[in-house]
Every structure is written in C-alpha cells, then in structure tokens.
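For reference, chains read A, B, C, D and E in written order, and residue numbers begin at 1 within each chain.
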Amino acid sequence: MAEFFAQYMPAWGAYLLTALISVALLLAVVGLGALFFIWAERKVAGRIQDRLGPTRTGGKFGWLQSLADGIKLITKEDLAPADADRLLFRLAPYVSLAPSYAALLALPFADGWVGWEINTSVFFLLAILGLEVFGVILAGYASGSKWSLFGGMRQAAQVVSYEVPLGMCGVIPVFLCGTMSLTTIGNMQAGWATNWLIFHDPFTFMVFWVYFTCAVASVNRAPFDLAEAESELVAGFHTEYSGLRWSFFFMAEYNSMFVVSGLAAVLFFGGWNGPVPIFASWKAAGGGWEIVADLAGCLNFIGKAVLGVMVMIWVRWTLPRLRIDQVITTCLKYCVPLAAFCFVGALAWQLASLPSPNDWLSPDPAGRAAVREPWVERAEDGAERSGTSGAEELARLAEDKR
Amino acid sequence: MATANREQIIELDVRTDELLVNMGPQHPSTHGVLRLVLKTDGEIVTHVEPHIGYLHRCAEKIGENLTPRQWIPYTDRMDYLAAMNMNLGWSLCVEKLLGYELPEKARHIRVIIAELGRIASHLVGMGTYGLDLGTFSPFLYAFREREKILDLFEEVCGARLTNSYITPGGVTGDLPAGWLEKCEAFLDQFVPVITEYHTLLTTNAIFIQRTAGIGVISREMAIDYGCTGPVLRGSGVDHDLRRDGEERYTEMYDGYAFEVIVEKDGHYPRDHDYPPVPPEAVLGDCWHRFYVRMLEVMQAIDIVREGIEFYRASSGDWGHPIKLNTKLPKGEVYLETECPRGQMGFYLVSDGSAIPWRVRARSSCFCNLSVTEELCRGCLLADVAAIVGSLDIVMGEIDR
Amino acid sequence: MAGLLATITVSHYLAVGAFFFVTGVLCMATKRNALGVLMGIELVLNGANLNFIAFGSQYLREETLGLDGQLIALFVIILAAAEAAVALAIALSFYNAHSTIDVDQGDELKG
Amino acid sequence: MLAAIDLHGFLFVLFALTACVFAAGVLFSSNIVRMAFNLVLSLGSSAGLFFLAGAEFVGAMQLMIYVGGTLVLLVFGVMLTAQHRFLEMRTNAGEWVLSLLVGGALLMVLLQAAFSVSQWNTPYAQRDQVEIDESKSATPIAAALTGVRVDKLEETNPRLRAGKSGYLMPFVIVSMHLLVVLVGAAYLARPRMAVRQMRRGG
Amino acid sequence: MSEGPQFLDALKSRFGDHIRGVNLDNIDPWVEVAPEAIVEVCRFLKTDPDARFDMLNCISGVDYFQPDPAKAKRAGFEPHLEVVYHLSSTITKHTLVLKVILPRWKDDQPGQLPELDSVAGVWRTADWHEREVFDLMGVYFRGHPGLKRILLPEDWEGHPLRKDYELPLEYHGIRGR
C-alpha cells in the first residue's frame, strides 16, 4: 500500500498514511468489535434467559445500546481508591488493552490483509496475548483491595498454566503446514472445507477442542472467569474500577476473544477460505476481482471469528464456574496431556502418510505444497554448488517439505 | 457414598501472608447482609466468623406491643421468600393458645398455599445457588416459574411477596373462583421445567465438582447445631415436622400421602424419576442439600395436587380470622412448623390480655448458619460461597 | 540525532546492551529485596542477549555471527527462565524460613 | 524504498530509549511491584529491538517466555511475599553514591569498547538491499540447532559450510538442566505445613 | 406431645430438689430446673435412652417485670427472668420444655447481669442462642465459648427485650428517640 501512495506523495507521507490507515482499521476492529460483542452478549444472554435483552436504544433491536453505555461510562466519575497505587492503578487498563490490540497486528483478515506481515505470527500472537495478564495483575495489585489482589493472583496462576497447552495446540497446525506465518497457513487451506486443518486427521479434530478450551481459559471467560468471579471476589481485579477505565478491561476482553477465535479460524477452519471455493477463480483473475475475492474472504474470516465468540458467550451463560484448583487441574490433567497426545498423534499421522479427507475429495490440493520459503531455493542452490553433506541434508529437508 | 471420617489434608505449599478479608455485608454471594470475616492463607480459608444483625428489626420487641393478628405482617418480613409459611407458623401458634379448631376447607387452603410457598422458596434457593456457583441463567429460569406462583398468590390475597394471607383463625379469604384450575395449569407446565434445572445444575459436571464432597455436615453435627429442614435431611436425618411435629401441625396434613425426603440406603424416596446420586457426592454435602430441595419441590407439587382434590371435596367455610383485639388466655405455647428453610418456631407468652407478653421467633436459618464457622474452616475461598449458598439462608429470618 | 537516525550500527545496540548490563549490576548491588536482585540478573542477561542479537543481525553488518547469535540468545532466555524459577523458589523458601525477603538478613546458611 | 525516512533508525531510538528509561526505572524505584512493572516494559521494548535486528523468532520468544512467563512468575512471587514492610525497602544513600560511581565508570568503559571497534561502528551500506529470511522464520533456526546451516551456504570455508554437530548437545544439556531445575524448585517450595481437617460423612 | 413419664420420673429421682416443679397443666408442659443443675439436667436428657433429646430447638428469655407500677400490683408475679429451653428429639420425637428462673439482676443490684451455666457444651447450637439471649435479654452464661453480642452492635448498651429497657437518646450521632 505504501508503494501505491508513494506515487502521489513523498515517501514519508505515504508511509505515515499507510500506517495510519492500518492503525485506524485495527482500532475500528477493537472499538466496533467491543461495541458489537457487548451488544451481542446482552442479546444472546437475554435470549438464553427468556428475556429480550436491550430493545429500545437505537431502534428495534437496541442496536445502539453499547454506544449509549459507552457514553454513560465516559461521563462517569473516574475513581481511584485511597489505598491504591495511583500510577499503576491508572495505567493497568491500558496495559491490559495494549497487548490485546497489538495482537491484531499479526492477525490476517484475508490473504495479505494483515497489519504486519511477520513470519512467526502464530508464536507472536500467542506471546502477546499472554502479556494481557499483566494489566490484570497490576490492576489487582494496585487497587489496594483484597478482592482485587485475589483476582490478580488467580489470573497469574491461570494464564501461566494455560499458555502451555495453548502453545502446544498452536504448534500442531504449524508443523502440518511447515510455517509459522498465519497468512501462509490460511492460504494452504484453500479449496473445499475438507482441506481445513481441523478435518486433516482425528488428532487435529480433537486438538481443536483442547485449543478452544484453553483459549476460553486464557481470555478469562466463564467457566474460567476466576479473576473476576462475581460470586466469590465481588468483581475481582476490576472491583475498584469505574467509568472508562473499567470499560477498557472489557474492550481488551472482547478483543482477546475475537483474536483467539480468529486464530482458531485461521489455524483450524481455513481462515478466509470458505467451505466452498467460490472465489478461487476471482482470486486468480487478479486486479479488481482479486480485491473483491479478498473482501469476501475477509467477511468469511470475520464470520468465523464471530461465530467462535458467540460460542464463548453461549458457554458463559450456560455453565457454572470452576474452582481455582479445578481450573489448574483441568489444565495439567486434561489439557496438557491431551494436547501432547494429539501432537504426537498428528505427527505420526503425517509421518505414516495416512490419508486426510482432502486426498480423495480434491486430488490436487490447492494449497499445502505451494508454499516455498525463499531460503529453500537458496538451500537447493547451495546444495547443487557445494554438494556437501549438510547441504544435501538440507535439500532433502526442503524436498520433504514439498 | 457414605464415607466415615474422611480426612482431608490441605497443603500449604508456600506460606503466604494471612489476609483478613471482609466478605460482606455488601457482597454478591452473602444473600443479603451477612458479613463473614475470613482469615485466608492464599486461597485457603483458615477461619470464618459470621457477623449477623445487619437486618435486625426488633420484630420480637414489636410483637410485645401488637396483637397477634397485627403481628402477622412482621412474620412476612422474616423469611420474605416464604412469607406464607411464616404466617402459617404464627397463626398455628396463636390458634394453639386459643384452642381454635380449624374448619376443613381452611386446612386444605393452608396446605395448598404453604406447599406453593415451599416451591417458590426452593426455586429462589436453587436459582441463587446457581448464582453462587457462577451460572446466571438458572436463576432467571427459577424466577420465571416463581413469578407464576406469586401471580397465584396475588390473586388470592393481593400481595406478591409479603402476603399476610394465612392468619389466626383461618385465612383472610377463600380461594377465588377459577383459581384451582390456574394452579393446576401451572403445576402441569412446571413439572417438565424441573428437568431443565436438573440438566443445568443437578447433573452438570461442573456443578457436581463444585458441590459434591464440599461442606459435609455429618448427621451428628447437623443435629448438634440444631440444623433443620433440607440441611438436616440432606445429612440423612429422617425428621420432617409435617410428619413428626406436634399434632396441631401434623393434623393439617392428615390424609396427605407423602414421604419424607431423606436418603435411605443410598436412595431417595422418589429418585426413580430423578437423576441418580453421583458417586462423588457424600451424604451431607452441598450437593445433597441441593438435591433434597429439588426433590421437595417435586413432593410439594404432589401435595398441592392432593390438596386441590381435598379442597374440592371439602365442605364448610374457609375459617374466620380472629378479631384484632381477641383476648388471649393466660399461658405460654411453643410451636414449630416445617418451613422451606427449616423448622420455624414461635413462642408466645400471654398474660391474659390481647397483647402477648413475650413473642419469640426461633429462626431456622439462624441455626443453619451457625454451622459455617466449623464448615468453612480449611476450605477454599470459592467454597465459602458454595457452602453458604447451600445452606440457603435468608437474612431477614436470621436477624428478625 | 539525524545522523544517528540514518546510521544505526552494531555499536548502538552494544551501547543499549551496556546500559542494560550496568543497570542490572547496580540493581544486584543495591537492592535489598531478593526479588529485586533477581530482576537485576534478568537485566544483565537481557543486555547480553542484545549483544548476541546485534552481532548476529544481518541488517547491521556484512560479517555476522549468523544464526549462532540467535541460538545463543534463545538458550540464554531459556536458562533465564530456569534461573528465575529456582531463584523464586529460593526466595519463597527463604521467606518461609525468615519471614523476610531482605537479602541482607540472609547471611546465615541454614533454613 | 522510502529512503527519505530511516524507519529502522527511528524505531531503534524509540525502543532503545524506552528500554533504557524503564531499565533505569527498575533501578531507581523502591517499590517492588513498580520495579517489576518497569522490568516488563523494559524487556518488552528490548523485544522490539530484537524484531528490529531481524530476530523475530527470538523477539517473540522473549515476549512469550521472558515477559509472559518468567516475569508473571516473578510478579506472582512479589504478590505472595508483598507485605507492606517489604514493598518498599530503601537502600541508604552511601551505597547509592558508591554504586552509581562504580556503575558509571563501568558504563563508560563498556561504551568506549562498544564504539571503539570501527568494524562495529561503520554503518552497513547495503542494509536496504538485505533480504533476510533465515532469521525471520523458525525453520532455519531449528535446522541450525541440528547443525544444518542455511545461513552458511555461501561460506567458502567448507568446515563452516558443512555444518557441525550444531547445538544438539547444549540443547540436551539445557533440557536436562531445566528438568533438574524444575524438580529442584518444586522441592524447595515443597509443603512444609499441613492443616488437617476432619470431614465427617454420615 | 407425648410426655414420657419414665424419663420425668428418672429426672425427678436423679436430681431431686433440683427439679423445682413440673407443670403438666399447661398446653406445653414444662419442668422447672434449678439454675445450678441446668447443665447436668440437659446432659442427662440428651443421653438418657428414654429421652434422647438430641436437639435443642430454642433458648428464649422472658422478662417478668411490669414497669408500670399501677399494673404491677395486678400482674400476679414477682419480677424475675425466665430462661426457657425447648428440646426435642429426632429419634423418639419427644418434646420438652425446661425453665430456669433467675433474678432480674444478680444480687438484686441493677446492672449486674444474672448468671447461668452455659449448655453450649451439651448442644453446640446453644452457642448462638445463648449469645442472643445475652444480647437481647441480658443473661450472662458462664462457661460460654465466646459470649458477645450477636444481633446488636458490640458497643450497644442495655438489653432491649427487658421490659424496663429504654431506647438510648443517641447512638453514634444517630437520634434514638
């Protein structure tokens, strides 16, 4: 995009403009996403509970309810308790929101529609989502309230434990595709739904559920919402917060939900590639058609991610909360061993070249082997030139990869 | 299922600082204005001290200045979730002093109303217990049904919460025309709804994990602490005043067929059409208390159905409330009734005037709550909410 | 400043690394809180890591350490994690025994 | 491309400044929780420096293990032992002066060393032309761990190019070390006290 | 309302003079026990195989005092305090009422609370009930594990269920009357 703008203006301006557009778009995802998800949560919860949810504000379905809430929150007094560590208390919501927002940087919305094309984006996403916990811990500590402190401690224990199985689940699609780049992983699942990694083999199917459980736990949603556990800790880490600062925690929470669901969509559900390859030919046509195809892909991706968020909402309004020791045991006793088992299983499936549904449905898979990282070619060149054992090994590696 | 002397060792792997935490009086899971002062070591609660009295409204002192009928509204405000049953207890106590014989029809009205009150009360108990464990939806499902019962109450007496319907000498008015049909219609649609509650709570894996084996009150402990109602029966004590109480109360249930909901040899009387007891559950734990309540709802439905039949068959009138200034004979009486939350007792001392010399209300929740101190020692912070919730207390009744 | 902007070299990375190192050493020297000392160690290790990364970066020099720099940085990070776990365990165990985390009071060698 | 503004330089200054400022914050704050908070930001900024230097995997690793894991653990420890009397432990002024003098001298020496070598000091002219991919994706790093070197393909020295045993041995050593360390940590923090509670069932 | 005479007889023969009277005419018959014997009587009633009063339902205090001197003459009782124990059994389903008569003030000195032995060692539920009686009626229970106010604030003065109680003029700046 920067090159495109550079034709019309100085280079620095083009760069700035590009950056601004990306930032604005991602901020819109955070802001509008939070508005929509809070509204959706209230509507879905209402329906689950035989109520209507918001109905008046903004017309028939209470569309503007979240916006009205937002206005109310902005006008509310921003209180800090007397015992609080003022500086950290004020900073904590931003510390919570920033990583959640930064995670969107590396999340591709369609082929190439990504804020920052980074080769290790799966890893980066998981890493930066883990940082969100700092905001919660700081809020818990700085509030000067014991309930908040409990919330912060619970969150610390929970997130550190759940990062392990979450990472293990994320690794499985990574090694199936041979890359950590989300864009590449998404593109490799082009074609029919059978090419989605969740249907690749029984182990990936199983690991998706482990991933989803851990994702719910890592974004602190019921039944793992121990840090805010209303009936035990009043409101946990955000007990003492009010007004806009309070709402930042919620923006961070909903955004993280969107990010983990989006990650699930890319890792397991083909990302922007629909169950039916309608736009494949458009994409190939290039030019304006390509943009249309990408737009459709983007909507497809957002739809999948929103679906994930909706499932989380559904779960929240259905299940009771676990106890802290049960949360940790669930992680250590079930999630970690299951993830490890699926890891080994999926590895074995791949090594034994066992079939995946795509093999007989579309004999010429669209994606999988198409990705060649640049170094592979250089490695092949080098192997030709030198003929040394190490390079040969590398060439063989590259061959396997194909 | 019944394990004796289960010993639990709680390990404190890292010694942390002891925190003194004030749970309540404003706390989401203390059911009103209960204040628990907790000493915790990390998440483990080492000491609990309940502080009550935040809702003390001097009901007993007020009772010394009012005639028995005037005091009826004050009984409403004790257990405001089962106001009808409170009215009933006080009315029976006054009638016992007066030696009043109740007409047949009034007796059946009272049974119907009292059992509906039991259902309404247990629905709140169930719903708020869900809240304590972090699930919101069953609470609203419970209130949805409770509202229908309150609608029925409203039709009978004009009030939904503080009914003052049952009164010494009978009730304040006959059941309105067509009410019985509405009541039956309600019961018919209510029975299948209970399955929902069982799906969402009783048989839910997380619910069982959170309640089974938690807060175990042994038989002896329950009796020793004076626990009554579902808390007592949840510990396996076969004691229900509707069957074992004194005659003035039990004769109300003459002709009604019901079994006391208590576990015998691993089985509850009605459990053929109910989810089985999970293997993790220990007799006397939170799960059993909850389960007893759920079964009592079902039992109350049957009693109401019977009551409706009896009412239709009965003749006579619905009783005559005593005059406001009826002179009470000199003497003293004590009467306990089986209210939803336990045995609610009223003690009335009369010096021969129309106004009692002394009125005393023996609160069931008061005794049930006194167990927490021993029960919560060594449990986790989250269990405190689960345990206190399973006792199903109403602060209005405790503080009076 | 303008010149600096255009010409980031290995030396600049080394300077930042040096600053980290010195800060870390000072932390270790001055902090009385055991966990503060631990944080100083983390700073020192991170300073070292910066140097490895700088020498291994192909953006900065023609002659680089290549992937060795990054690999060593990875090892350092992992070892730092292990070290933090042990140090934390020691600190907590020290706290259990002495009810303080002031390292100045930890001169007796029994728990 | 976009030569007029040196993005790399700008971001470097940004990250380096924040990293240094927060590192100094660790040193100068006396409240342990604020120290931890400063350390988080400082290490996060240095992860940014890693990204700038092209070590994206290491940068993400820094974020995940260092910041997300180790420091959360550290803060957890802080909270477990955070009594008010330990939250603020001040060092006396004499110690401060002495250590700042020594530290300043050390910093001078190190800076002198950093800028003295001309090879390190000269800007890399072809930087804009560099297309690096080895360090950006994880596979070459993993290959290098096993001794297969992608980045040494152009190496003329056959011993270097052919690759060595790689880092498998250190990797195994580190793994064993980690295992021992975790067992040791668990042992150190083992249960010392046990509260016995009788729970009676009927 | 079965009044098993066997344990009443046993009670009488065992405690003799400590059983001050048995009133079987009242609607709820009651047994009056001497203050010094209350713990022993309760322990006997709890363990006696015929009685098995394992549950203490209620402890109530009743203040027999007519503050209005005009009515006091017709009141028909001497000023005194009664502590009433309502017992029942979950096994035999018996009920029983015990009464202890105490002076309104210890040694007839106003302000000195009358004393009675605590039965908290017999039934643990007595703990809270006795606290309530102490709080509202002003009876000091000797040997109670932690006798302090339960319903009223700990710094409240007076015992409101006494007939001569007057509401304080103010409490922490709140107007009382």
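Observations on the model:
The rule we apply is simple: contacts are C-beta pairs under 8 Å (C-beta built on N, C-alpha and C of every residue); 3 or more make two chains touch, one makes a residue touch a chain.
Here the structure is a predicted model, which means the values were calculated and not measured.
In this view the innermost chain, defined by its CA centroid being closest to the centroid of all protein CA atoms, is A. When C-beta pairs in contact are tallied for each pair of chains, C-D comes out on top. Each chain gets a centre from the mean of its Cα atoms; the one farthest from the centre of chain C is E.
Mean C-alpha position of chain A lies 31 Å from that of chain C.
Averaging Cα coordinates per chain places chain C and chain E 72 Å apart.
Chain A and chain D have CA centres that are 25 Å apart. Counting partner chains per residue, chain A has residues 149, 153 touching two or more of them.
Residue numbers of chain C whose C-beta contacts span two or more other chains: 92, 95-96. Among the residues of chain D, those touching two or more other chains are numbered 57, 61, 69, 71, 73, 80-82, 134, 140, 149-150, 189, 192. The touching residues of chain E, counted against chain B in their complex, run 1, 26-28, 54-58, 60, 62-63, 75-76, 84, 86, 88, 90, 93, 95, 97, 123-125, 127-129, 132, 136, 149-153, 160-161. Across the complex, chain B meets chain E through its residues 52-53, 56, 58, 60-61, 96-97, 223-226, 232, 237-239, 244, 246-247, 331-334, 336, 343, 345, 347, 349, 351, 357-358, 360, 362, 366-367, 370, 399-400.
Partner chain C is touched in their complex by these residues of chain D: 6, 8-10, 12-13, 16, 19-20, 23-24, 26-27, 32, 35-36, 39, 42-43, 46, 49-50, 52-55, 57-58, 61-62, 65-66, 69-71, 73-74, 77-78, 80-81, 86, 89-91, 95-96, 99-100, 102-104, 106-107, 110-111, 113-115, 117, 119-124, 126-127, 130, 132, 134-135, 140-141, 144-145, 149-152, 167, 170-171, 174, 177-178, 181-182, 184-186, 188-189, 192.
By the touch criterion stated above, chain D contacts chain A in their complex at residues 1-5, 7, 31, 33-34, 37, 40, 44, 56-57, 59-61, 63-64, 67-69, 71-73, 75-76, 79-80, 82, 131, 133-134, 136-140, 143, 147-150, 153-154, 158, 161-163. Contacts from chain A toward chain D in the complex involve residues 2-3, 6, 10-12, 14-15, 85, 87-88, 91, 118-120, 123-124, 126-128, 130-131, 133-134, 137-138, 140-142, 149, 152-153, 156-157, 159-160, 163, 167, 178-181, 373-375, 378-379, 381-382, 385-386, 388-391, 393-394, 397.
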